[in-house]
Amino acid sequence: MTWIVQNLWLVPVLPMLAAAICALMGYRHRIAAASLAIGSMAISFLLALCAFAHVLGSHAGNGVQTVNVPWFQVGGEWLKLGWMLDPLTSLMLLMVTFVGLLIFIYSVGYMAHDDNFTRFFCFLALFAGAMLGVVIANSLLLLFMCWEVVGLTSYLLIGFWYAKPEAAAAAKKAFVVTKIGDLGFLLGMVWLYEKTGTLLFYDGGAGCLEHSALAHLVAQATILGLATSTAIALLIFCGAAGKSGQVPLHVWLPDAMEGPTPVSALIHAATMVAAGVFLIARIYPLMSVTASGSPAPSVALEVVAWVGATTAVFGALIAVAQFDIKRILAYSTISQLGYMMMGLGVGGVAVGIFHLITHAFFKSLLFLGAGSVIHGCDGEQDIRRMGGLSKSMPITFAAYTAGMLALCGFPLFSGFWSKDDILHAAHSWSISQAPFYMGAFGALLTAFYMTRQLYYVFAGTSRLAELGRDSTHLSDPHGAAHHAPVHPHESPAVMTVPLVILAAFAVLLGFIGTPAWPWFQSFIDGQPASFSFAAFYGFGILPVMLSSALLVFLGLALGWALYGRRPIESAASSDPLAELQPQAFSLLGRAFVVDALYGATLVRLNTVCSRISDWLDRWVWNGAVQAVSYFVLALAWLDNFFDAAVVNSGFDEGCESVSRGGQALSLLQGGQVQSYMRIIGGALIVLVLFLLWGTKI
Amino acid sequence: MTASFTILAAITVAGMAAAMGLRNAVHCVLALTVGFAGIAALYLQLGAQFVGFTQVLVYVGAVAILAVFAIMMTQSRPSATPAPRAPLWAAGGAVAAAVFAVLAWAIHSNALSVQALPPQPEAAPSATVQQIGDALMHRFVLPLEIVGLLLTAALIGAVVIAMGRREEMK
Amino acid sequence: MTQTLDQIFVLAKHWLLGFLPAAIQPFCSALLSVVAIILVFATLFAITTWLERKGLGRMQNRLGPNRVGPCGLLQPLADGIKSLTKEDIVPAAADHAVHFMAPVLLVAASFLGYAVLPIGRNMVLTNLNAGVLYFFAVGSLMELAVFMAGWSSRSKYSLLGAMRAIAQMISYEVPLVLASIVVILHTGSLSTVAIVDRQAVYTGIWPHWFVFTPWGLAGFVLFMVAATAESNRSPFDLPEGESEIIAGYYIEYSGFKFALFFLGEYIGMFATSAMAITLFLGGWAAPFSFLTWVPSYLWFFAKLLAIISAFIWVRGTLPRLRMDQLMNLAWQFMLPMTLINLLAAGVWQFMPAGVARWPVCAAIVAVPFLLLARGLKQKRKFQLRTYRFSQ
Amino acid sequence: MLGDGILKGLAETARNFFGSYVSRDRLTTIQYPEQRDPQIEAARSFPFLVFDGADWQQGLRCVSCQICEKECPPKCIFIEKSKDKKPDAVGKPQFYPVRFDIDISVCMSCQICVEVCPFDAIKMDVDYDLSTDDRFGGLLLDRQRLAKSNEHYNKIHPTEAAAVDAALAEERAKAKAAAEAKASAAAKAATEAKAAAVANPAPAPQPAAGESQ
Amino acid sequence: MNPLQGYLLLSALLFSIGLAGALLRRNAILVLIGIELMLNAANLNFIAFWRYGPVPAALTGIMFTIFSIAVAAAEAAVGLAIILAAYRHSRTTDLDRMDSLKG
């Protein structure tokens, strides 16, 4: 146990402490709050670097190092919490602290004009602390607690501009929807505790992810012939799906874009939504366990793969028809999260997490770029009204293009390698080839809609001055006040520098996990990496790579054909794709009407249920209660009558006699001091006489 | 029963009687100081020097002045109260007279037992300041402390009572 | 020879008493001393009025009285004749008896204090066991006289003056007594003779006067300030503040009664000064051991004149205080300082004799003084007064 | 430190005390009976009556017009007019005061009498050694004690007196010229028509008197 | 009659005078003074008994008197303060009119 492992708790606690101090500070101390949050994050980043170096140094074996501390006693047992350090944790720590640090710095510029600057940094730091807590947790319970704090801060930050009704509604929606998933998570956790008696992941052989517990779990069967482990894993996956916006529970994520853009970048692109993926990776042993010796992948992983594939295509399709710059990125995020899930399902931890890491960089780059664009356009978010920004915002344009190419999976960019990894794994999946094709289709769509966005935003001429800037742009309050024609401008250095750094990573990060040098994969699996170009010629790698590159080029070409060939003249002109397929486009534009569907079914069901409850409450239960109370009232009236008639009159009589006696006696008390003194004098005489009489006898 | 005692007793009684009988309250207090001074002289005659001077310091110097101040502050007009005697004054007078009669009778009737005392010293017993200080600091130290406490409490209490409420001051 | 010169008055009294029958000798002895004291201090009063008028004149760059007699020396005589021959006016509404008794009581009370003041070696009227207590007890009679004068005149100015005077005298009696208690604490006696005897010894040529100790010095200064207020001298002469209440409690007096008040005030001032000398300045003791051949009573009067000069000097220097300033000084400064001084004297008493107790006691007195002074100063922010109408 | 101001004050008085013995300049008091300040010209104490010539009774300028008596705010002037007339300085017959008393214990030195007098007959004196042991008679000044010569007036208020004298001299010269003219005219008339003007002896003085008033 | 009896008689007389004053006067201040007078009479008794008592060296009488004077001073101060407060309340020092506590 080295120092860093012992004190790993500092990494999440420092930002939390910063958050606590910020919460106590006055709202005027802007610089202090920002520097506190950034400073704590920087220290956490340094600590994460130490941790990473430590893991790198002790590479041998799947070195999971844990520190467990007893929390409190339940019956005869101590409930233990703890933290752990393994390659996955160290990488996640590094990613979260680094991206978080950059986004913190970026926020200083982005939120510079906001009144609640201090509160923002307080929430942000609290989020960072909780997220780091999720990452280092060695206990499902601790993970769950931090998970919920992450959810809370997500709620707070989405609703940061709570005065806007959309933001408040979005915050509520995000909270409720993720809680539906968390309910499954909680049930799974309780079940797991019931079965294994521990929630620690690794506890020297006694942890719930270790062999004995898993063997115990897989041996038991529950309904539908599922093994207990599978059931628990699926329940926990519900939570992950909620957090990561997988298909049935994805509806909150696009709406979450109502929050400030750095929040979107940090929480809803890079870290929190990836927490679901991380959770699956963390409990991968539980997910993947099968009856001994069975070569087929477990049912749980199968579900994960299918859900992920569906989500990937689903999100990409919707993204095609969106006009809000952040919504496009949000659906893109959903799609990419689907890829990660699919990767986990079909290929294992390393495949999914590799995409998570690269995605974190390029997606936060894209979001920050979008934020920069929004900032430069004074709050405009509709891509139809942008255009021509490549000239006025060159740095943002360059960074954004790099992020876009990485997201598309343009060859040699980081997204290319990680997406390829997933496609390759899907291609070689033993169950079905469908996920591969779905993924490939998603990749095509990704290239297409990103090209579309890029052309809309940066190409052509500026359309900002057009149209009344009214209803659509309430999303960002920066420019709400002034109505003067807006001149797009480059953002300050505090915003562009993080962009450039992130862009560099977005371009280069993929090289740590190429098939030729799969350092990342082997690091996660705890094996030494080896370098060989020969790996390209391995089983099906090159064909998949070539085909995916082809798909990307196809998507780019399609995008160019539809949007780039003919510059978009005006914000009012309809989308070229909508002209080709109006019905399909509007369906996609309404996001497959999932929201409406939910509104028509679930919400209405809920309303009907509550109406019935209300009726029952009002007439049935209330009637019963009232009947009882009337009975009690009758009793009380009777009692009152008895009291007044019988007890009181007797008591009054007694009181009056006492009062009469008192009045008679009070005649003695004349209020005259001297009359009292006369009596005292008389008493003195009597006393002296007594004494005299006594001495005489 | 020396001449000096007779003279001092006469002065004291006259002063005290005047203090209780005069109409004008200020005259009463001035007569009272004469009475107090007479009592102080009696103390001196009895050999209690310290007590005598203390009597002058406390009663003439402080209590009388205090009473004068109180009269000044309570009497807006210098005219005497219309009827200085309380109602039922006869009853009060009778009680006072009866008290004196009873006490005098008691003193007189106990003359024998008084004479049974050991022969009285002709010279006054010494009560120097040194002795009194010693007694106060050793035998009577607890009462002394209590009296100190009492005086402090009385000081604060008198200030608080006499100061009144702050609104009244304004 | 020096012995005889020192005791010449004592011897003279004994020689005179020798002619009288033994039965009335004690009475006559007392009578002689009383007459002597009255004569001497009445003369001193006359000299002091002259001294005061001359001194004040010089301080104000005037000559002072210079018409009656050489250098105006007979001015007191002229004043006396004038006041004796002036018409004695009694207000019609006045309380005649009290009005008459007030100046008499004042003068009597102020002369009573001399009974315990040792004027020279063996020159004290009575050596009372509780002499200091007696002195203060008698001093409190003056308040009564002042009240009588103010009240009986039936004049609002005189009543106001009397009330002011009594409030002032009561307030300053506390620090006066507390300042003198340090000496009693040290000598362990209330007898003035014993107190002077304790100071009339020498180390080398230096005397053991209490004023040469930290607590003694502080006590002396505090005593003198309180004595100034007690005798209604400037700057504490509010009771007779001419500008607002004309002459205070003796405004309605004229002629000889007025002169009696004047006399009483001065005699009272001499008495408190003599008490200060007795308590702190070694009484009749010579300031250096080689000067003991000078008769003791001369030393006493020299010191008395010095203190009187100091009084005159202060009167010529300081303006009159306001009533609230007067009371604040008494209760916020004098009282705490006297109590602290008492503490210092106690520490002195219980510390072993040596050099160590000097700085300790000095610090006990000086540090609170500085703190208190700073606190009092900070409380009032002095600034240039601006007038609303006259500027 | 508390008390340093007192010490400073004491030092100041001590400096004055000793300085008064050292330097005479400090002593500003004038030893009055022996020394006096020179009188300033505008000084005034109480009124007096001016007379011309040597005899005060003959030369009093006052014609007893009683204006000052009326104007005096504290009413300290008492005048009794004469029954007969006698010639004044110009030679015109005028009334004169039989009694002229000023109670200087009442007078407040306001100088109004001087302002209103048309004959320059009453002026303000500068004398201040007026103490007396007779409270009533000593302070009630009669005609004789009030009368001061014009030379005295010239001495105490030289500038003012010169102006007054000049004016008076001019007036007198004018009156004299008029009288001479009249006299010559009258003589001529007399010589011309002796018999005609027996009934009207002298009508001339009346307009002259009216002019001088 | 020995000296002690003389003092005792005088003391009894003073006590009765004080009592009479306290009973007969209407001015609250004078009533308080009457009470002071009674206290003084008692003090005189103490001193007389000390002077003519069997153990004068014990100083008990003197001590008693000293404490009694101290207590009496406190009593006078507080009593007069109470009278002042009552005066401010009812604008009178007449005991007959201060009877709001009557039954």
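Going by the order they are written in, the chains are A, B, C, D and E; count residues from 1 in each one.
Note that in this section a contact is a pair of C-beta atoms (placed from the backbone, for glycine too) under 8 Å apart; a residue touches a chain by one contact, two chains touch by 3 or more.
Just so you know, these numbers come straight off a predicted model, no measurement behind them.
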Those chains which touch chain E and also touch chain D: none
Subassemblies held together by touching, chain D left out: one piece
Most remote chain, CA-based centroid, reference being chain C: A
Two chains sharing the most C-beta contacts: B-E
Identity of the most central chain, Cα criterion: C
Centroid comparison with chain B (C-alpha atoms), farthest chain: A
Chain centre separation in whole Å, for chain E relative to chain C (CA means): 34
Centre-of-Cα separation between chain C and chain B, whole angstrom: 29
Rounded Å distance, chain A centre to chain B centre (Cα mean): 89
Separation of chain A from chain D, taking each centre as the mean of its C-alpha atoms, in whole Å: 115
Sequence positions of chain E contacting 2 or more other chains: 19, 23-24, 95-96
Overlap residues in chain B, where contacts from two or more other chains coincide: 50, 54, 62, 69, 86, 92, 95-96, 99, 103
Multi-chain contact sites of chain A, meaning residues that touch two or more partners: 674, 677-678, 681
Inter-chain touch pairs (all): A-B, A-E, B-C, B-E, C-D
In the complex, chain A residues that touch chain E: 663, 665-674, 677-678, 681
Residue ranges of chain B in contact with chain E within the complex: 1-2, 5, 9, 12-13, 16-17, 19-21, 25, 28-29, 32, 35-36, 39, 42-43, 46-48, 50-51, 54-55, 58-59, 62-63, 66-67, 69-71, 73-75, 81, 83-87, 89, 92-93, 95-97, 99-100, 103-104, 107-108, 111, 114-115, 117-118, 120-121, 124-125, 127, 131-132, 135-136, 139-140, 143-144, 147, 150-151, 153-155, 157-159, 161-162, 164, 168
For the chain A and chain B complex, residues of the former touching the latter: 674-675, 677-678, 681-682, 684-685, 688-689, 691-692, 695
Contact set on chain C toward chain D in their complex: 55, 58-63, 313-314, 316-318, 333, 369-370, 372-373, 376-377
Chain A partner contacts - residues on chain B that touch it in the complex: 86, 88, 91-92, 95-96, 98-99, 102-103, 105-106, 109-110, 113
